[in-house]
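Okay, here's the structure, questions in a sec.
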Amino acid sequence: MSKSYKIAVLGASGYTGSELVRLLLRHSGLEIAALSADSKAGKPMAEVFPQFAGVDLPELKKIDAIDLAEIDGVFCALPHGTTQEVISQTLAKKPNLKIVDLSADFRLADLDAYAEWYGHPHKAPELQAEAVYGLVEIHREKIRTARLVANPGCYTTTAELPVIALLQAGAIDPEEIVIDAKTGMTGAGRAAKEGMLFSEVSEGIHAYGVGKHRHMAELDQEFSEAAGKPVRPSFTPHLAPMNRGIYATTYVRGTGGTDAERMHGILADRYADEPFVTVLPFGQVPQSRHVRGSNMVQIGVVADRRPGRAIVISTLDNLVKGASGQAVQNMNLVLGLPETMGLEQVALFP
Amino acid sequence: MSKSYKIAVLGASGYTGSELVRLLLRHSGLEIAALSADSKAGKPMAEVFPQFAGVDLPELKKIDAIDLAEIDGVFCALPHGTTQEVISQTLAKKPNLKIVDLSADFRLADLDAYAEWYGHPHKAPELQAEAVYGLVEIHREKIRTARLVANPGCYTTTAELPVIALLQAGAIDPEEIVIDAKTGMTGAGRAAKEGMLFSEVSEGIHAYGVGKHRHMAELDQEFSEAAGKPVRPSFTPHLAPMNRGIYATTYVRGTGGTDAERMHGILADRYADEPFVTVLPFGQVPQSRHVRGSNMVQIGVVADRRPGRAIVISTLDNLVKGASGQAVQNMNLVLGLPETMGLEQVALFP
Amino acid sequence: MSKSYKIAVLGASGYTGSELVRLLLRHSGLEIAALSADSKAGKPMAEVFPQFAGVDLPELKKIDAIDLAEIDGVFCALPHGTTQEVISQTLAKKPNLKIVDLSADFRLADLDAYAEWYGHPHKAPELQAEAVYGLVEIHREKIRTARLVANPGCYTTTAELPVIALLQAGAIDPEEIVIDAKTGMTGAGRAAKEGMLFSEVSEGIHAYGVGKHRHMAELDQEFSEAAGKPVRPSFTPHLAPMNRGIYATTYVRGTGGTDAERMHGILADRYADEPFVTVLPFGQVPQSRHVRGSNMVQIGVVADRRPGRAIVISTLDNLVKGASGQAVQNMNLVLGLPETMGLEQVALFP
Amino acid sequence: MSKSYKIAVLGASGYTGSELVRLLLRHSGLEIAALSADSKAGKPMAEVFPQFAGVDLPELKKIDAIDLAEIDGVFCALPHGTTQEVISQTLAKKPNLKIVDLSADFRLADLDAYAEWYGHPHKAPELQAEAVYGLVEIHREKIRTARLVANPGCYTTTAELPVIALLQAGAIDPEEIVIDAKTGMTGAGRAAKEGMLFSEVSEGIHAYGVGKHRHMAELDQEFSEAAGKPVRPSFTPHLAPMNRGIYATTYVRGTGGTDAERMHGILADRYADEPFVTVLPFGQVPQSRHVRGSNMVQIGVVADRRPGRAIVISTLDNLVKGASGQAVQNMNLVLGLPETMGLEQVALFP
């Protein structure tokens, strides 16, 4: 079977880029037609990521060298900052492209919020107006018809899936949401920094960005929409000595007598038919390693011993459902392919 | 200089036992006179823990084979359950011994609470009455004159040091304490279980004992005493893929206008002269790896963006300040030695 | 498309069992019809391996409870020792089954060698006579017509692929082969033993089984066949703190003026058309992480500075090409399916 | 007790620098008087290495700002290349200093060998002439009277201790030495490079510098001196996913009927009285984790099944006996202090 659509991956030399390539190689509807990596243009992908040795892939090139005429969909896995301009220029050249952007550049609908959190005005406000926030299980129908999808952050996807469902059901107090999140190292990308060295990360754990992580802006936006009023959760990210995985432990308080078991019921119902969300039996706790490499989210709900409170735990692989996997899911939607195509892979454990 | 006191370590074949030996070997006031390990009696310590190859140590023997006549102090590092009987019998034989018990057997002053959390009646209630909870920085004076010190749990020491100080100062709401804690694997000991295998622990993180971990009983006891009324915090332990370290991220709400910076001031003042507690500058976050192998606690306080709330982070090495190091600190106190003796070691990082 | 053949996995509660399930779930020609796990019979697979939560799989049952009538092929992932009897009985019940055995029970053609290395006589000598050693790239044609395939060991596959090719070419001295191999923890399985605990394995490396590892018997058999005379290499396995991966560094001496570059040419030619073997450019060194989760072998050849000698490095994932992946490759062959079916997955890195 | 000698550490912001500080803080004869770190001059040490928070240490300053008048001994932990000039200038200012240099700049007595391996002429040939190679157990007496000690490399110390002893005894064939070595990440220092990121190092193993690692030059020098003729061993370093530890598996062939057990005897005799070398019982294999954080070397000897050959395994902590610990041992010697002073610490395991 010849694959249906031709795809370009911009920023293929980063981890989300290589993860897109991994997933697309087993996707029967999307074909990798072009790979860009400005600083490594001219090199074979296998030189940058040796796991692709022996795999037939296009050479890395500069973005401008990509012939858009043959491209149907673009994954944009570029660093924050340049993305708004690159996407503007790309859509100017070929307006009927479908683009899934993995950066944070189009996630915030409120231009003022963007400017506040990112320290500069938005460079493509007209595109922002049409961009759709690509949290599939929440915004699926809007995504189907989008031209530009802003793929959500890894932390935010993890926390939003359970919490939005509970907020929409009016089951929890929006003033009392505490999200204690843990991530692996790949979420920080491949740029060499002292704090990311093996010797600085292994055999220890620590919080970072406490009180000021940019993913808060996404949480605020989506939680507020779900609650119908402004919500500002507490959110603390931690770095654990592992490659992959986000693990969010969320402390919530039920409203109107809603207890933990009822919350579990709400989530189990809400996600019963979702192919990539598993709500574990009440009281059971997920482990991040059991979703490693897959597009799955596992959610557990446990009663807190403080009456009326619950501990909601959600986990996913930050490079898959937290980035490249959800991006493929979004691309499947905008191109009209089956949503699960290319994402059927079970977790690699152990 | 000949060392002042002769010491027996009961349960030297576990990790807290070997850690006691490590610390005692560089202690100038305590001398290892006897090591017990029932199932490994007759073996040299270096066969059970090869890091002691070449070190002059007494052979492992059964507890009954220890000649108490020559012993001044006993560290009891036995599993929960047998400890109450062993200590009763030991003190019956030699009433003027000093004992620091690393198990949970004498930590709960309330016999009913003990029975509830441990599922059976206390086997040495009269000894419980005299046991002192060995959280040194909080109960130092009572410890000095104790015969039997119940060394606190690793999680509890980590969370209690900052939270008790804040509760005693009336600075935080006792109803709104959420402790999200992360530990390394050594806290679970050396008994072989499937869930503790390398392949089951590496490259992932997960919560466990959610809503029911026994260290809650200690937190309740100490927090309630500090607050002057019953306190039941939310507490969720997680297992991170590392050997050592407890990392507690505690979410609190100030009372009467107390903000995060004020909380930081309270902690900085309270622990200014403590040799084993470092309160970092306001807004700075500790890392568990920076206390690895040392008896230090590092505490950081950061403002939550929700007004009036703070995130208090504390970390220590579960085998040192969370177990064997604090046990040595307690033994120093009860024997009248300088409190820091044998505990001067800086963290091993990286 | 309905899948062609129905498959039973015996021993699905171990790591090679769960890995078979992972691979078979994306195999378009093999369907999982039955899963056995004696001690966990009656449980859903997702209870034993939570990564399968939400996946439709048959319940675990006892071997005897499997209806062989509906089965075409059997993967036997049982521990050494019981396998010979189980396979004898199974084939007695249904002689036209195809069986790929992942244990060591049928790998040694010489019954005396078996008795010597395993300490007891072979229990199914007549079956041994028909068993084919399933190192696909070396014995492909014999495997196609086999009923019982003995899937090779993980260490042996890693070392044999380069060394057999060099021996068959007469390029290296059979008397001077030193194999220094490193493995991850999953090779030891899931049975709980002290030496496999996270705290005993992380943050360190060590050799084991030095001078007496059973995989030597396989190496001897295959190397001797390739060389046309008895060969007994030196082989030292090490345990590295990682889940997956075998990494064999093999020191060889060229014969008749064969230098390292010539050896590289021999290997590059020999494996040019093999879908699962990549010979890297001369002088380039593979990394075990770049084959993680895939069925790939990467081989590198570097000149030693001692004239005429070379360092040949080969690596694979012990659970895939070193076990379950090669088992699927063998099953594809014996059932007449395309050899690469279900094994197209690229490595999961990072 | 006031400490006897005042010490400067040049290059305190690297891992060997911080390790020196860790060791010196518990050294009763050496006092830290000055710490240099050019790029971090003016900062407190605790800002660069948070494990020193709360410890009283001099501020980091530029080398030129150190008042040499008060200094008795200098540890030079600077990167290769600048060291020759820095030490020349320092000794010009104060000729009666004692210097232990942890870089590779003064390890090769042969200036041509230096130029060949390091790609440029030696910048302080006259100092090279007086420098003593600081492998204590081999060159102790020469070190005692040295002014400038070249602290050996981590790989080289590990391999040289057993192999030199065997060569000196004429027990092994110098033509047939194969050293397969594994190291942890800290050996590469703290400078940020892509290949040293957690995500690139964890969960995998690989060889590097194959056939051309600079430590070969040291091995050649010391092995040749021991054998009395030119020796060029095969040496292959690997990077294992751990912080600390060198593990050398050395394959040797006995001469004149010397078997493995005899080699063991030679090593056991040779190192019987050495405080930092433990030769394990014949056939027993060390683990790198059992020397972590200590100045110990553990050596094991196992018979190869190839007659007349043995596998000699040695391990140490690359930051301690492989760098800063051995440097302290050398400084103790040149200053006339007890050799073991400040190095009594047992390994931190687990």
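By written order: A, B, C and D. Residues from 1 in each chain.
Heads up, the rule we're going with is that a residue touches a chain if its C-beta (ideal position, glycine included) is under 8 Å from a C-beta of that chain, and two chains touch if they have at least 3 such contacts.
By chain, UniProt protein names: A, B, C, D = N-acetyl-gamma-glutamyl-phosphate reductase.
The structure presented is a predicted model; accordingly, all values stated were derived computationally and were not measured.
In terms of the distance between Cα centroids, subunit B is separated most widely from C.
A count of C-beta contacts for the chain pairs A-C and B-C puts A-C on top. Distance between chain centres (mean CA atoms), subunit A to subunit C: 36 Å.
For the pair subunit A and subunit B, the distance between C-alpha centroids works out to 39 Å.
With each centre defined as the average position of its C-alpha atoms, the distance from subunit B to subunit C rounds to 46 Å. Each of the following residues of subunit C touches two or more other chains: 15, 184-186, 199-200, 202-203, 241-244, 286-287, 289-290, 292, 350. Viewed as a network of touching protein chains, the structure reduces to a complete graph with every chain in contact with every other. Only residues 15, 184-186, 190-194, 196-203, 241-243 of subunit A touch subunit D when the two sit together in their complex. By the touch criterion stated above, subunit B contacts subunit A in their complex at residues 178, 180, 182, 184, 199-200, 202-208, 210-212, 216, 232, 234, 236, 238, 240-245, 247, 249, 251, 285-290, 292, 302-306, 309, 311, 313, 315, 350. Chain contact summary for the complex, subunit A toward subunit C: residues 15, 18, 21-22, 25-26, 49-55, 185-186, 202-203, 243-244, 278, 280, 286-287, 289-294, 296, 298, 344-350.
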